[in-house]
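Each of the next two complexes has chain A plus one other chain: chain B in the first, chain C in the second.
This part shows the complex of A and B:
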């Protein structure tokens, strides 16, 4: 019956212009309210993401370098897709690409997701205060200034007589180890991973703690072990946080390079040069000074494309539409 | 009458302010300097000559001297961005190779018209001007020069059985071509074999990218820019270079992790003269070692007694070689007072001023009168290294230098780490060069 009366109202609408006008005005007002709430964030995104991205795309079609540098767009010398052609044929770029894949995969897998999950699971299963304490400890790398954090690592890894690890080696009668050079990737991943853990840890911890207590209690009554609870209750309920952490951290790792810049500057012998750092070195800073803004911008645009593609893939894999679908049953 | 007097005083005060304002010239000078290494005179010399220039030009000078030891890449980019923002310093001190990019960009001024007005510049060592030119014009004034020699430990050579005469004559034998690079590596190999040094500590080369690597390529007969101004990559010279560099680790004289090795550790090891036999460095290293590494052993006296330096011994070309990388004072095209800036540069281009810098920081002199001065001659390190300027080379001034050197470096790292054979390293460098510099001449 309800649908019939509704249908009747809808059918009546076209024949009543005043009602139609009022309904439109109301809908417009509702939309305007929604847009006004979105506006501050929207303006920020347009100003600080879309416009710079458009500028970078534009710059990547120029041969802008130090010897013809100008910020006047009208004076840029446009070369079409030549920078991308150069990039595709650049043997150095393929090395950088594989470095980046290795770095992102390892850091994401071992630290940003797995270690974050382990820390979360451990700290929610110990007394609450102790849990807070250990989670606070894991926050330290993130809240420490990058330069200071890396300086600490440099002192830890340095050779004798400056390095802490080698000081212990000497104490134990072991030969000194050139950690910074012999284990470069290990430490690049560890240094970045220690920062990355805290992000996933916070998300996972809050997600685990928001699992309804009655489900956990029911599992305890059923006699489930801790491992079983993690396997069959906690992990399935973390699909949304996992999607978020993996997507966000992948994009973050792809674009962040400051720790690598400060720790190794891409060395030794370009071994730790990742894509974002290569873009920085090309466009903004290198030893010899003559930077290639156009070519560096092409590096950056490729990074944006990779990031967007990966975000879409993650959403498909984790079935994002299902996660944000309207609930089938209205829960009060 | 009283009112008139007050008005007259007021006018006079205003006029005096106006005159003062008109005659005060503000000049900003930006320098990169390792203060701990005694390089502060790069900027501080201007303060020393301030009154002299004020008197000469009849003006009031307001000097803003800014110097730090910022990373080269950031330092150069700062000038580029400042120039684009209209806030460039009047005088910038930077590597001569920047002329190749900053001159075509219009960031700096050609100096040809101003140079003849200052006799001080006539005394600059003639071959240094070559590094200050681009497109047939002079764009900078040399601030210093240096040699990049190979240091050797007298103590360890003695342990190896060399007599005092053999050790003392080593620089001469290198300069004459009698003692070659191959001889040096063989000596390092022998030192490792006899346990005088540990494996990998026979020869320490540069730990990162830089101009020094060009010495090997030059020593093998390569050139970067031909007489026609074309960028060149000589594959034969590059192959010999990569074969040589690749052999360092294979022969056990250089540690495999030398690229990326910690600089402080390197200095600690070599300056003691007890651990590493040969080390490729720069004359300025002596100032740093003396002050910061062996001060407790006697500083420079200890270094003089136990460490010597020589040219890069002859490689395939048969002649010893070194490289200098003069820093240059350049005048920004945005300077409102380029004549005053030039007068200041002329005032610090004197034997007294440049000796302050050369002696404190162990850089070589740039003026003929300076080289003959007592202060310079009495310094055993600087006067002892000065002959190296006769064998010196330098990097070219061209916008293509960055791409060239990066491609060359890609080959070096590939062959050093063993990722590529020397021929593969050449192919890699050629591919990178042709990709970025389509006009490069490969021969």
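This part shows the complex of A and C:
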């Protein structure tokens, strides 16, 4: 940006050296102002994202654990890529990998995309105010504190007299069901899915509402039913929002773990352990008797690499550069 | 197909968008809905299309009451101001879409799309997407899509407003020609009176949800029944002055503080019979610049229109628009005399806004 502004200034006054000098100083001052506004956010990102990430990458090349723990980086015992070797050969890691794929695919397919689409399609076809009401309802899981949200689910799934589902079972004369352990995956996906719906819902709803009214009317006049209009007109016009929601939500599901931590803690018997949770368990929880920072860091780095690769691919697909326009203001 | 509309009313909450509209459109007729923005003309069209459900009243296509019929059950074609082409489909698929929905075979679809494309002169554009077409080409595709299913009724919602002036003129002629050739009953919504006057067999003038008049273009122009129509139809608009009418030695005369003019219209008695002040109307083209006239005023503004100059003359407190010959080279600040064509004056009751003559 700096070189660009200077370039413009030089071009504006090519013959007069004093004027040239003055405008160059002006451009520099303007840039300084811009950078000083960017600085606070920049410092935060560097301090709490880039430096920790570098530390984690560094840590993943050590065998740092409870028995040799030290905060002195110089005394860490570096083991090269051995942690990654262990990870690749660890049957637990491959189980967690497939758990994660299953979790992300199911949540994404059933809730973040399909349910979000259904909610937006239904709510744009009913009176505006009712549509708004139902969409607001679907926002609740996202804006509820996760600890409270999970506690509500625990009560829904619990035994009588607390569990609502089992209370219905009792009322209908059915045997009580241990939902939390018998249907763990179902509820892990439902609980996370309910939170995920609202994102796609907002994107899809606004995309549908921005389809010109004339096009919507034209399709009805041309002879389509409401269902045919959704199939032939609305869905094809949602191609980009759909791609965006799928890609963005894949990334956020890959790194999500707090709800699973609170609901099942990866159990029973590691059945719902996902990658991000595994990293946490290895590095920060001494449930296994020995916290392995080095090994946990390796887990995290794998996740970061997958995330960065996917993000770069998505940015290419969405031509991110073309979406960001050149600033219209020339001088601050 | 005949379209019969009785007491058609549409309310949005407390707002009455269309108020007890009565229209009887003959089979094969080309009717224009004309009115300023927000007068309810598009709302009426959307009710005819079946997009909006009427709050009250009856709509009949032929003998069938269509109030509760879905748009797809009405066999209508519609053309929109924004063209409303499906951006993800080619021109061919756009035109074929109504046929596809009807379950017509691919072969038959192909034949009919080609036929319509030939009529519209867009045969070479069929594999392009809307974004690769110019405005005029898009409107032809949209027209083709409306025509391909051979509708009983064609609806136009300001179809030419987005085109440039030159193209608008061409398309105006083409639509008119096509409609006459095919004989499809058509409703054409516009705020452009030139379009309505040149294209329509009859014009429904709407104002604030109400039907002001339903008449031929000539009838609206020559015999405007209300003050609104007199002021709305015609460009440049009719001049209005408040006058007193009386009978003197030389015949009926209209006077106010600034001017005095004789008039010789047919129904002179009806005007003279009216008690109190009347609003007199005179079109700019019925005023002649004549320095021998008693009505004298100062030219405030001159707008050259090419064939004529439109001059804005102040006669005391009265403002008059008149057309003058550019050869007279009238300049702002000049004093000119104006003579009104005594046979072309209109008179309205300022209380009811109704014509005293028609």
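Everything that follows uses one rule, which is that the second predicted complex is superposed on the first by the 251 of 332 C-alpha atoms of A that agree within 3 Å, B and C clash if a C-alpha of one lies under 4 Å from a C-alpha of the other, contacts with A are read in each partner's own complex, and residues count from 1 in each chain.
In this text, a residue touches a chain if its C-beta (ideal position, glycine included) is under 8 Å from a C-beta of that chain, and two chains touch if they have at least 3 such contacts.
The model shown is predicted, which means the values in this text are computed figures rather than measured ones.
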| item | value |
| --- | --- |
| Simultaneous placement of chain C and chain B on chain A, clash or fit | fit |
| Partner with the higher number of touched chain A residues, chain C or chain B | B |
| Which superposed partner A:71 touches (first chain B, second chain C, both, neither) | first |
| Touched partner set for A:218, first chain B, second chain C, both or neither | second |
| First, second, both or neither for A:236, with chain B first and chain C second | second |
| First (chain B), second (chain C), both or neither touched by A:159 | first |
| First (chain B), second (chain C), both or neither touched by A:228 | second |
| Minimal inter-chain CA distance - chain C and chain B, angstrom | 50 |
| Residues on chain A lying within both footprints (that of chain B and that of chain C) | none |
| In the complex, chain B residues that touch chain A | 71-74, 76-77, 80, 84, 94-95, 97-98, 100-102, 104-105, 207-210, 257, 259-262, 264-265, 268, 399, 401-403, 405-406, 410, 413, 416-417, 428, 431-432, 435-436 |
| Sites on chain A touched by chain C in the complex | 212, 214-215, 217-225, 228, 232-233, 236-237, 239 |
| Touch list for chain A against partner chain B, complex | 65-71, 86, 89-92, 158-162, 178, 180-182, 184, 264, 267-271, 281, 284-292, 295 |
| Contact footprint of chain A on chain C as seen in their complex | 46, 49-51, 70-72, 76-78, 80-88, 97-98, 101-102, 145, 149, 155, 157 |
